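Letters A, B, C and D mark the chains in the order given here, with residues in each chain numbered from 1 onward.
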């Protein structure tokens, strides 16, 4: 019987000819990524709870400090130091302050056909390159680090057939939020979201990352695109080669199929406190905001910064708004610097930070106060995610966020008047 | 298993509510556990006693991969989490650290915070307010991890 | 008898022909600076005192810098308190994310040579770089000034510091002021004014002078002043008037002490943990491993500092496992450093460049450290616990030294 | 003339304002919230041990560093009756007077006094300790005025026609 891309990747990693939904397989992991959200716990368990502490293959490991950067407290600093010292001692690739983990993984590591565990839920991002990336906890990560392997329940796959092309002023983020609003926050629980169709061909790797990244917000185990010419060219430009390039078989089994016409997608926003509470952006216009955030592993790439900069250029951020602009990585930052985007943001009155997770993870940098409202290109709008439990987070596209920062209230880019 | 009090939460209960980001980098789970469910039930850590149950609706534990979420519940002595459905990373994490997570479609709608319940993992049944509910049984592979006391215990078994 | 610079400024301010050290006089305040940490307290005291308006709202400047970007929920309360106070009393000069207060006060043109200025931050001494009399006060006195426009001061004695000759290439004004603080001691200038003069000082940029005036407080000084010159005029965007041009310490003025240095004698130095006056030559400290380097603050976060760091790091990388955090002093500095390529060089070398603000220097965020870590920093204080726990070792240095240490991963002298 | 007796806490030279109250606590809502962190970088337990009426004796340059008025306010809130040091940093000195916290300079006491023992202070005259009198200077007149008014806030209230 035919297999989906996800099933093929698992079969290859398990060293079996066939994998089908519902099977449990022991798989060899190609890579493991761990960030400062949990690595200190993994390191503690490694030292304190293992009878035979060892690392199967240090070269499979990547440690990335991105959540609280620069550090905001001695406790944060101690957690990061633990991670740094461990990486140094064991020869593990270590990145600090160079960007959000998923962006760094995509820029430097991920290859089509790989099976990757990351101790972060948005590890599903790697499907943009035809890899199977999925988020795990720190115990799973530890198990993988020690053995080089783990167990996987082969997930069912949902097919998302994309047709048409996004209109001007509508972005992949609008598309993905629309999909999540449509299928709900648990609409793809335990399942793979496979994106295909002509519409997929209109999307760049960066665009695909936006879609895959948010798949976990629909409960998905991962999301995946076929590693087509667009993906392979992207990979080649970065000097990497695929592990394996898979297509889903004609007779592969899908648990469900959806079709989305890209040309029908409108700018949308997710309302507090659920990612699937998605409405047309126009419906939330007029909500006064205190802060706006352009960044994150979902929407902090060069294309997003270009969109944001084109909107704030020649304009000033509203007096009562703090507009945080946080490029997703050092590469993105340097490109933005080269293109003059950083200067445009600075000129407009924005707060431009070093690449890191920033207020998307909501623990320190850019934290918002009691009853404050944030409009964000981040991944989540959970209750209190960005600060005080009474504060509210709206999610929107880079364009909507930048326009709202200028206006001082939620608005779409086309509503800005000069 | 013994009788415990129920703390009930809503659908799509996310990991940020179980333990907020700002506490994740505290040095130990024990320091974090005081902040469990802080945004929803500021007194949760003070009120919960070992053997109590957390009951959720659909998609319990959605959001981030923070293992601190099941970690703080286990550290507070929560006997099991019972929900209509679970988000997958939370589910996997809970099993990996030896915290029973039980799928039960009917029970959540029939109970409220403060009610008592009883759970039998071996029978796959739960009792609350004089009624018995059947629960979905764990796949054998996961059952085994759980019965060994979690993934690290099973790893240490292999080290023999 | 002749007058020192500070005596001339105060005498003119109070409309007297002359003043002498020890006189207690009431000044008319030209400008006040209110910062984000103190604003809620200022507002409370102002109300408690029973004032209903600010004597001259145009003379007040409110700056958010210690708490930008926010890192704790309390920070937001301070923004709101500041916004409400500014709105209620008509303060128009409000900077919410433009950089560090002391940088903005001169850079944005709020302080001119000869002004009498007070701020709710001890490094308010900085404005002496353009020949102003400026010093830090508490929030209660600030509230009183806002209500009355006046503040009493005791005319300070002046210590004159003459630096002749030329500084070596690898020496920055930071090395000069650190050495002077070491020589004077942390309380060596308490209640006194420092007055800088000499060929080496005349050659310095206004930015370099700012570094020195900024750190005068670390010797306990009430203020520190430089004679305004053409560089000052250009920096302030003014033509000096007779009074300003005449802000020179008279030869026959009464100085309580005169120190003379030769520029050539200076070497790169560091202030060692945990006193600013614990000065050692960098060459004596070489080899100590470094975990983090911080380049920024109102002391050394200016364009020339970033350019110097970029020059040292050009084509090099920050040592593995070492963090380099660069926090420009102001939005303008950031933009100029970006335009001239310094930011690019620094980021390519591995620096994290944050938004302008106080950053790590004030110890609330921006790169806090933990037990056992050592940081080389270009700011003004290395007090116990200032950047994290009491077991963090803070070494203060110039941007050139700091950048060299970042590349080496240990303490080294700049070339 | 005012006279009081109190137990002594001895601190060293150059006790800076970051030691008295670290920056990380400066944005707490009230001085009451902050005071538990007083002196924490140097002596984490001290704030909990100080009792109302105690006296701090220190070396030179007490209160150097920042202009944070929270420093004298925290010390006052902890119940410290007065500080006797070899010398004080000037902003701290002004801030203390403005808040009605009594400071006195005394060059020799610090070198002799032992922590935990009692001293008796005769304001503007001398300190008695272990059978010896240590002279105290008088404060300048303009500061005495502020102290007599009960601090700067009260002085301003009177100026503005409010009850002091």
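In the analysis below, contacts are C-beta pairs under 8 Å (C-beta built on N, C-alpha and C of every residue); 3 or more make two chains touch, one makes a residue touch a chain.
Being a predicted model, the structure only gives us computed values, none of them experimental.
J.: Common contacts of chain A and chain B?
T.: none
J.: Averaging each chain's C-alpha atoms to get its centre, pick out the one most distant from chain A.
T.: The chain farthest from chain A, judged by C-alpha centres, is D.
J.: Nearest whole angstrom, what separates the Cα centre of chain B from the Cα centre of chain D?
T.: 53
J.: Measuring centre to centre with CA averages, how many angstrom lie between chain C and chain D?
T.: Measuring from centre to centre gives 27 Å for this pair.
J.: Identify all positions of chain C at which a residue touches two or more other chains, and write them in rising order.
T.: 72, 75, 77, 364, in rising order.
J.: Which positions in chain D touch two or more other chains at once?
T.: Residue numbers touching two or more other chains: 24.
J.: Would you mind listing the residues of chain A that make contact with two or more other chains?
T.: Chain A, residues with two or more chain partners: 73, 75-76, 78, 364, 367.
J.: Should the pattern of chain-chain touching be classed as line, ring, star, complete or other?
T.: It is a line, because the chains touch in a row without closing up.
J.: Each pair of chains that touch: what are they?
T.: Taking the chains two at a time, the touching pairs are A-B, A-C, C-D.
J.: In their complex, what parts of chain A are in touch with chain B?
T.: 24, 36-38, 40-41, 44-45, 49-52, 67-68, 73, 75-76, 78-79, 118-121, 123, 135-140, 142-143, 146-147, 151, 153, 185-186, 189-190, 216-217, 219, 221, 274, 276, 361-364, 367, 380, 382-385, 389
J.: What does chain C use to touch chain A in their complex?
T.: 68-73, 75-77, 79-80, 83, 96-97, 291, 320-321, 323, 325, 331, 334-335, 338-339, 343-344, 347-348, 350, 352-355, 359-360, 364-373, 388-389, 392
J.: Mind listing the chain D positions that touch chain C in their complex?
T.: For this pair, the touching residues of chain D are 14, 16-19, 22-24, 26-29, 40-42, 60-61, 64-70, 72, 87-91, 94-95, 98-99, 140, 142, 151-153, 156-157, 159-162.
J.: Using the touch rule from the top, collect the residues of chain C that touch chain D in their complex.
T.: Those in contact with chain D are residues 24, 37-38, 41, 45, 48-51, 66-67, 72, 74-75, 77-78, 119-122, 124, 135-141, 143-144, 147-148, 152, 154, 186-187, 190-191, 217-218, 220, 222, 275, 362-364, 381, 383-386, 390.
J.: In their shared complex, at which residues does chain A touch chain C?
T.: Checking each residue of chain A against chain C gives 69-78, 81, 84, 87-88, 94, 96-98, 319-320, 322, 324, 330, 333-334, 337-338, 342-343, 346-347, 349, 351-355, 364-370, 372, 387-388.
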